[in-house]
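A, B, C, D and E are the chain letters, set down in written order, and residue numbers restart from 1 in every chain.
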Amino acid sequence: MLNIFQSLEISHYIYLSCVLFCIGLFGVLFRRNAIILLMCIELMLNAVNLLFAAFSEYMGDKDANGQMFVFFIMVVAAAEAAVGLAILVMVYRNTRKTDVSFLDSLKD
Amino acid sequence: MIGILIVFIGAVLVLFLGLNKPEGGMKTLSSLVLFLAGVLSLLESLSILNFEMLSNWAPKNMIDFSKGDLMFVSLLAFVTAAIIAIFPTVEEKGSDRLGLMMLSLTGAFMMIGADHLVMLFLGIEVLSIPLYVLAGSDKHNLRSNEAAIKYFLMGAFSTAIFLLGCAFIYGGSGSLSLSEISLRMSIVGHLSEFPALIKVGVILMSTGLLFKVSAFPFHFWAPDVYEGSPNKVTTFMAVIVKIAGFVAFANYLQAFEALATWYSKWLIILAVCTIIFGNIAAISQKTVKRTLAYSSIAHAGYLLLFLITPMKANMWILFAYSVAYALSTVVLFYFNDKYSTKKEYGFGMFSGLLKNNQSATILMVISLFSIAGIPVTVGFTAKYYLFTSAFEVSPLAVGIALLGSAISIMYYFKAFKPMFESVETNTNETHASKIHFVVYLMVAASVIFGMFPYLFERCF
Amino acid sequence: MNSIALILGLPLVGFLINGIFGKNLPKSIVGWLGTFTVLASFVIALGVFNDLRHAAIPSEGLHLKLFTFLNIENFNVDFSFTLDRLSIMMTLIITGIGSLIHLYSIAYMHEDEGFYKFFAYLNFFIFNMLMLVLGANFLMLFFGWEGVGLCSYLLIGFWYKNAEYGKAARKAFIMNRIGDLGLLMGLFLIFHQYQSLDYSIVLPKMADGSTSQAMLTAISMCLFVGAMGKSAQIPLYTWLPDAMAGPTPVSALIHAATMVTAGVYLVVRCEALFYLSPITNNVIMWVGLATSIMAALIGLKQNDIKKVLAYSTVSQLGLMFVALGCGAYSAAMFHLATHAFFKALLFLGSGSVIHAMHHEQDIRQMGGLKSKMPITYITFLIGTLAITGFPFLSGFFSKDEILLAAFEHNKIVYILSVISATITGLYMFRMFFVTFHGTYRNHHHSFDKVHESPWQMSLPLMILAVLSVLGGLLNLPSYLGHNVSMKLSHWLAPILPMAESHSELSHNTEFMLVGLVVLLFVLVVLYTRNKYVSKNAVPEEDALTPSTGKVLANKFYIDELYDMVFVKPLELLSALVDNVVDSKLIGGLISGVSTLLVAISGLNKKIQNGNIEYYLTFMVLALALFLGFNLFF
Amino acid sequence: MGNISNLPIPFLVLSFITILCALYVVTSKNPVHSVLALILTFFSISAHYVLLNAQFLAIVNLMVYAGAIMVLFLFVLMLLNLSKDSEPVKSNLWGVAAAISAGLLLVIITASFQKTGIAIMQGNAPEIGLVKNLGRVLMTEYLVPFELSGILFIAAMVGAVLLGKRDGATVQEIMNLNNDTNNA
Amino acid sequence: MEIIILPLILSLLAAFTGSKINKTVWGLLSFVSLFAMVYMKQHYGIHNDGVWHNTFDVPWFSNGIHFTLGIDGLTGLMILLTNLLVPIIILSIQTDKQKSLIPLILFMQAALNGVFMAKDGLMFYIFWELALIPIYFICLLYSSKDAFKTTIKFFIYTFVGSLAMLASLIYLYLKTENHSFAYEELLSVQLNYTESIWVGAGFLFAFAVKIPIFPFHSWQANTYTNAPAQGSMLLSGIMLKMGLYGLLRWFMPMAGESIAFFQPIVIILAVIGIIYGAVIAIKQNDLKRLIAFSSLSHVGLIAAGFMTLSAVGIQGGVLQMFVHGINVVALFYIVEIIESHAGSRELSQLGGLAKFNRLFAALYLIVVLGTAAVPLTNGFPGELLLLKSVFDYNTITGVFAGLTIILCAVYMLRMYQFSMLGEGKASLNEIGLLKMIPLLILVALVIFIGVCPQVIIDQISPSIQKIMLEISNSKGVLS
């Protein structure tokens, strides 16, 4: 489609994905709202998706494996989001909080 | 495949038939279905039965159950059947919990049989997602809620890391199929020639799996989630997730056999750390459940030792250890569930058990011996096999593991003090109640397997 | 039946019957059984004695091997016995005096509830003592050695309800054990050197001069330590006076006549060894001398009739060791024999007194007993004269021989020995006069109740008195004529090949020395008679004793010293080791490990704090570390 | 690492937008803004997919992520009335710690690839990312996972229902219920 | 096999019917294994050739790990001791309340027989551990307050020891040519010096804890004190012998070259232990504690004797193992009688008991004398041989070890005096004649062995020679 790949290296996508992934990761560590945490995890997953797609392109030769994997990740992410939000809503119903730092009654 | 099929169908059946009935009504059905799945898998693994049609339908490149894998499938099916059978059900209507547990089990089967990273990933998720829910299934208990959200967030997080690892491996090896990867790796041959992508991928994927099996330092979720979840779910988590995780881990590492010298280096360190950490942290625990949680971390450490041995020929050792671990852990969680009350969930719950219920005492004693690895229980046999095979690779690690099992006595035997105490009070109703016959069977099995250990080797 | 087996076996049979069935037997049977078994042994021994006199080879004796005791590689010890000229002499003394004392005990112990036990113990003692002297190897000797120590323990503590007696008994046993350890080490050295413990193998090898001087000295010193314990020499003598807690016949038999002389026997038996180790000889001589003088001095101020005799025994034993140190083995044996006679006599006599006085032992509570107890009085007098060296009584000759040997050897030793002998006279006559002369001083029991003892008691007294008088005939000095003199020395000569035949002194010198001794004796008698009979002096109350006397009365505070130097520190050490080292240090180390583990375990609380953010951060950091570690190192 | 100036403009622009949006997701105080930023991120990632010859994925990404999942998030946010800046701000220390952790990981991961040689992307056949091709692969090679992902959905559905089911307990009751266990 | 199966069956029977049948019956029944042992000895024809005859052999864990039992003179003596003492221990149970000890004791008997007969390394380890389990429960079941702490300490301590042994065994196992745990195979392994030190240290640690050799003894006194008398008897009478047996049978031949390295260490530690135990025993007030420390002292001597590697030392040691078993069981039996009939085992509460029962006093005295190694009692020959061997090894250690005969007399006589003699505060209830019979048997043995020790030496000496040959083969150090 485009000739941009003439000068594009796979490493660029790796870096991009890693940066995205780590941004998500930073969010997970930094934020306390469970919903935002969930969103950050989605961001991390998307970073991985991007990487898979890039690798799929990089492999060339009609390799659809990477793209298939992205497909399945999306499937799982959807299911995960559903369950995660259900849990979140349940917790919120019981405690009126979505702040994870208050959930520390289970400890040594 | 037959296992997945039957358990899935069973789960759907249970879900629909039990829609408006109390959960107890579906208990027998679900454990029978699981038992059937276990028996069929066992027969298949012993080459007595053959389900060619099924295996022909499914392309081999995705999921492939070897004979050994089928043994694990049947073990997990049996154990889940036992868990469902011996633990009490909730009073609510609807059999969602049973159904979810069975669905989760199919995920475990997928992990065991996975020969493709997609399959492995999917298996992990099918195993985990119902578990996130189950952990929080005691909806009105804040502790259960907390367990669910902790488990979910950390689980999802580790999944992301796992997936990043998958991506790197895909990028490094150009394939997602484990056997394909293995083939390509063996052609490349020399260690230094592997792209760094693969090593990073292996580490990241391992992190995801180490999280699942709750190995140090990715164990943080385990004590909290174990404590907060309902007892039945905790048991399921402690046994099924761990065993399935290790089988998957072993299968997946086998694909990277060419890297064995490299990965066994850090696996040894991890194993040693996990053993030391699990055992030491367990000492100061006050509640039985948390103690068992840390004990399961320690067991993860022992099992990590397995991963440094030549795994292909030794899968039966993993099996033996899984049997030992499953039998004793289930029984101990059962007793914890049976005797703990709202007020007393520490070791005091066993106080005066000897006086009130001698058979329960004996069962507990044998299970504790088994989990502590004292002969002639299966716990010893399994540990013996495991340590002997690991000894050749790293005597030092085995030495520490031995020390670890000595430390473990400190907390396992804590239960004996209240048990053998002479108490003034009259018969304790909870203590005096009958014990499920399956528990007897399990304890008997742990002694029999302990006395005739060659059964394991023969079956593989 | 072999006569050795009979000699040994009869007392054993007596012990077993009395010990097992004695409780249910009438006292008369028990007593006579005990007596007759020993008497029978004596008679048989006499027969053997007769045989030995006519034996073709004088150094040879009878042998008896029962069975192998131990046989491991080259360590081979048999349960075997030998009866030669030396052991027959000891056997005769043991069984002879033993049977007299048995007879005496029938009456003396008649009232005691442990009557059967007493006879069983006595018989057992005789058996052990015989084993000691008859054993054909050092281990047999050791058996008897420990056995008599045991019997001594049992008999000292015979009145077990009295805790003090029990303490004395234990003291005796433990002191003996200290000596035994020395003996045992000597045995090990002997075996190490000669690969055997049999006399027949070891003794000739010792004599042939092939052993190094150092080894000989080491062995002999070890054996001497054993002898010190058993024969109550400094520093191991303190048990003997305490041993007087036992019934008087026991004191007579064990702590005067037989057991305590075992040390002398041992040295004589190993004559070759000791003869060849001059260092040890010197040590023996000086230790013996010191013991002799010290005990004599202490004896001066003792008021317990038996204590006086006990210190006298220690003193006499010291003299015997002086003789041994000087190489006068036959003189030592001679004194051993005569001492057995008169000391047994004295003890039995004192027993008779005690019996009459209803177990009162303090001489200050006595006095004027001669009228009431004529037989006892006369026999006691004979005994006193014998021990103090009244001319031509047994003690005179035997002591003289020792003094001569000392004179020959070392003049200083001679002078000190003479002093010791003189002090003997002082305290013996002091005791004698205070007890039998003067006026009766006891207020608890009236004088009328004092009575002469029954015949079972007086008969042994009389026999022993006769022996004390005639005992000198055994070994008359050479100046009395060649035919009658030195019988014992000649008898023992084949057993003692190394010891020189002495008497290089001219008879004149001997006469002069004897004269000196006699003169001293007379002075002593006059002095004491003057003090205790004419002036009727009575020893002061303990509190009033002047300071020098106090030191003597308190036995030089040796017991206190031992208590301070050995017993207390040991007890302190025990408490220290138990409470500090064991529980705190070693026990603490082990429990410290578990405490440490628990403490480390508690640290986990900091990390596992329930907060998911921490968990996630830790996981990420761990992962980073993990990756970094793998990729960079 | 290649020279940035050599990179094609579309890639650079897209990457810039993606990272910027992602950062906004993470740092925005308002959850709704975060969601919207995340949707933007997904859009830009979809554009990347198009660049990478993954047309189907680009569409699916928009539909599933930006469409379904994000709407779900928004829905929950609205439902729980969390649209305002309810989240207490974490201390800077936490921010630093999190940044260090994440940065460390990033540095280490990227540093790991220093040794990986510069590989020019080969370029795929453009038609590979079309639904026709992907569908074929999905129904042949990936049939099993495809079927089995059904189990996943059943599980997720049952789970969500189980948790979402109302059973009439009020907050107060739940609090009471939990009090005794918490205190014990 | 018979003598493992028989007690096991009896144990199960006792567990199920225990409450109905008198304890004496169980005591008598347990004598059956003694007869079985005699039968076995006849059956397998032990010709005193020193060979460790196989009596039972089936593959077990895998082909290299067999269930192999064997018997020779040494094993024979040890199982004789076990099967002789166990009935006596059962008969020593005083009240019906303690009946539930019987199955545990019988189980223990089976395990102990297994330990002594095991010819396969792993089996040895398994029986070794199995023997630990019943004793742990015996200690836990009827014991005083802080029993849990002491028993867990005991258990973990010995468990750590046995794990060290397991590590050594596995190391040897992996070194064998065809991966086998058979005794002969393990013996034939050639190790270099460093390896042999590690392997030896593993074995030695296990045995040193069990024996116990100073300073690994800290579990001992408290465990003895807290355990019921039967537990103390089993522990000191038989279980300590496991350690010594292991030292002789497993450590010394397997340690290879390193034995020269361990020899002085063990001997010095053992000699320290001799004096250490004796010194502590001197001031003890609790009879059981006193015996515990005396035991430490006595077994130290045995260990030292073994490590001199001389025939005299080893045979004397084996003899003394047997003898110590008898003596210490007799002592604990006496303590049990005193405690149950006089109401206390504190020396400060006792005294003057002799007047109540002369027979008891006499038997007690004989046992005390036996322990204090008075000639013509059983303690003497063994101690003589041991002291001789230690003396020959090194004069100074010999002299220090010899102090035991003095110190032992000190504390044993003190113990006897303060409990039996004097005026006393305590009184002794009537002791049935039936209760005296076990004591009579033991005392008869005390005297018999004291007079004719050679009977036992003859039994063991061929097998000891064989073991010594194995030791010298494995390293060529033995002179």
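Everything that follows uses one rule, which is that a contact is a pair of C-beta atoms (placed from the backbone, for glycine too) under 8 Å apart; a residue touches a chain by one contact, two chains touch by 3 or more.
As the structure is a computational prediction, the values presented were derived from the model and not from experiment.
S.K.: What is the set of chains touching both chain C and chain D?
M.R.: Both chain C and chain D are touched by A, B, going by the contact rule given at the top.
S.K.: Looking at every pair of chains, which two share the most C-beta contact pairs?
M.R.: A-D
S.K.: I'd like to verify one number: the distance from the centre of chain D to the centre of chain E, where each centre is the average of its C-alpha atoms, in whole angstrom.
M.R.: 69
S.K.: So the centre of each chain is just the mean of its C-alpha atoms; given that, what is the distance between chain B and chain E in Å?
M.R.: Measuring from centre to centre gives 43 Å for this pair.
S.K.: Hey, how far is the Cα centre of chain B from the one of chain D, in Å?
M.R.: Inter-chain centre distance comes to 30 Å.
S.K.: Note the residues in chain D that touch 2 or more other chains, in rising order.
M.R.: In chain D, 94, 97-98, 101-102, 105, 109, 112-113, 116, 141-142, 145, 149, 152, 155-156, 159-160, 163, 174, 182 touch at least two other chains.
S.K.: Which residues does chain A have that touch at least 2 chains other than itself?
M.R.: Within chain A, residues 10, 14, 21, 24-25, 28-29, 32, 38, 58-59, 63, 68, 72, 76, 79-80, 83, 86-88, 90, 94, 100, 103-108 contact more than one other chain.
S.K.: Which chain B residues touch at least two other chains?
M.R.: As it turns out, chain B has residues touching two or more other chains at 118, 122, 125, 129, 132-133, 136, 139-140, 142-143, 149-150, 153, 157, 196, 199-200, 223-224, 281, 284, 407, 410.
S.K.: Tell me, which pairs of chains are in touch?
M.R.: Contact pairs between chains: A-B, A-C, A-D, B-C, B-D, B-E, C-D, C-E.
S.K.: Flag every residue of chain D that touches chain A in the complex, lowest number first.
M.R.: Of all residues in chain D, those touching chain A are 1-2, 6-8, 10-11, 15, 18-19, 22-23, 25-26, 31, 34-35, 38, 41-42, 45, 48-49, 51-54, 56-57, 60-61, 64-65, 68-69, 72-73, 76-77, 79-80, 82, 86-88, 90, 94-95, 97-99, 101-103, 105-106, 109-110, 113, 116, 118-126, 128-129, 133-134, 137-138, 141-142, 145, 149, 152-153, 155-157, 159-160, 163-164, 171, 174, 182.
S.K.: Contact residues on chain C for chain E in the complex?
M.R.: Interface residues on chain C, with respect to chain E: 23, 67-73, 75, 79, 139, 142-143, 146-147, 150, 153, 157, 160-163, 166-167, 170, 173-174, 177-178, 180-181, 184-185, 188, 191-192, 570-571, 573-575, 577-578, 581-582, 586-587, 589-591, 594.
S.K.: Quick check: in the complex, which residue numbers of chain C touch chain D?
M.R.: 613, 617, 620-621, 623-624, 627-628, 631
S.K.: If we count contacts the way the header does, which residues on chain A are in touch with chain B in the complex?
M.R.: 10, 14, 17, 21, 24-25, 28, 34, 37-38, 41, 44-45, 47-48, 51-52, 55, 58-59, 63, 65-66, 68-69, 72-73, 76, 79-80, 83-84, 86-88, 90-91, 94-95, 100, 103-108
S.K.: Spell out the residues on chain E that touch chain C in their complex, using ranges where they run on.
M.R.: 153, 156-157, 215, 217-219, 221, 276, 279-284, 311-312, 315-316, 351-352, 354-355, 358, 369, 374-376, 380-381, 384-385, 387-388, 391-392, 398-399, 402-403, 405-406, 409-410, 413-414, 417, 420-423, 451-454, 457, 461
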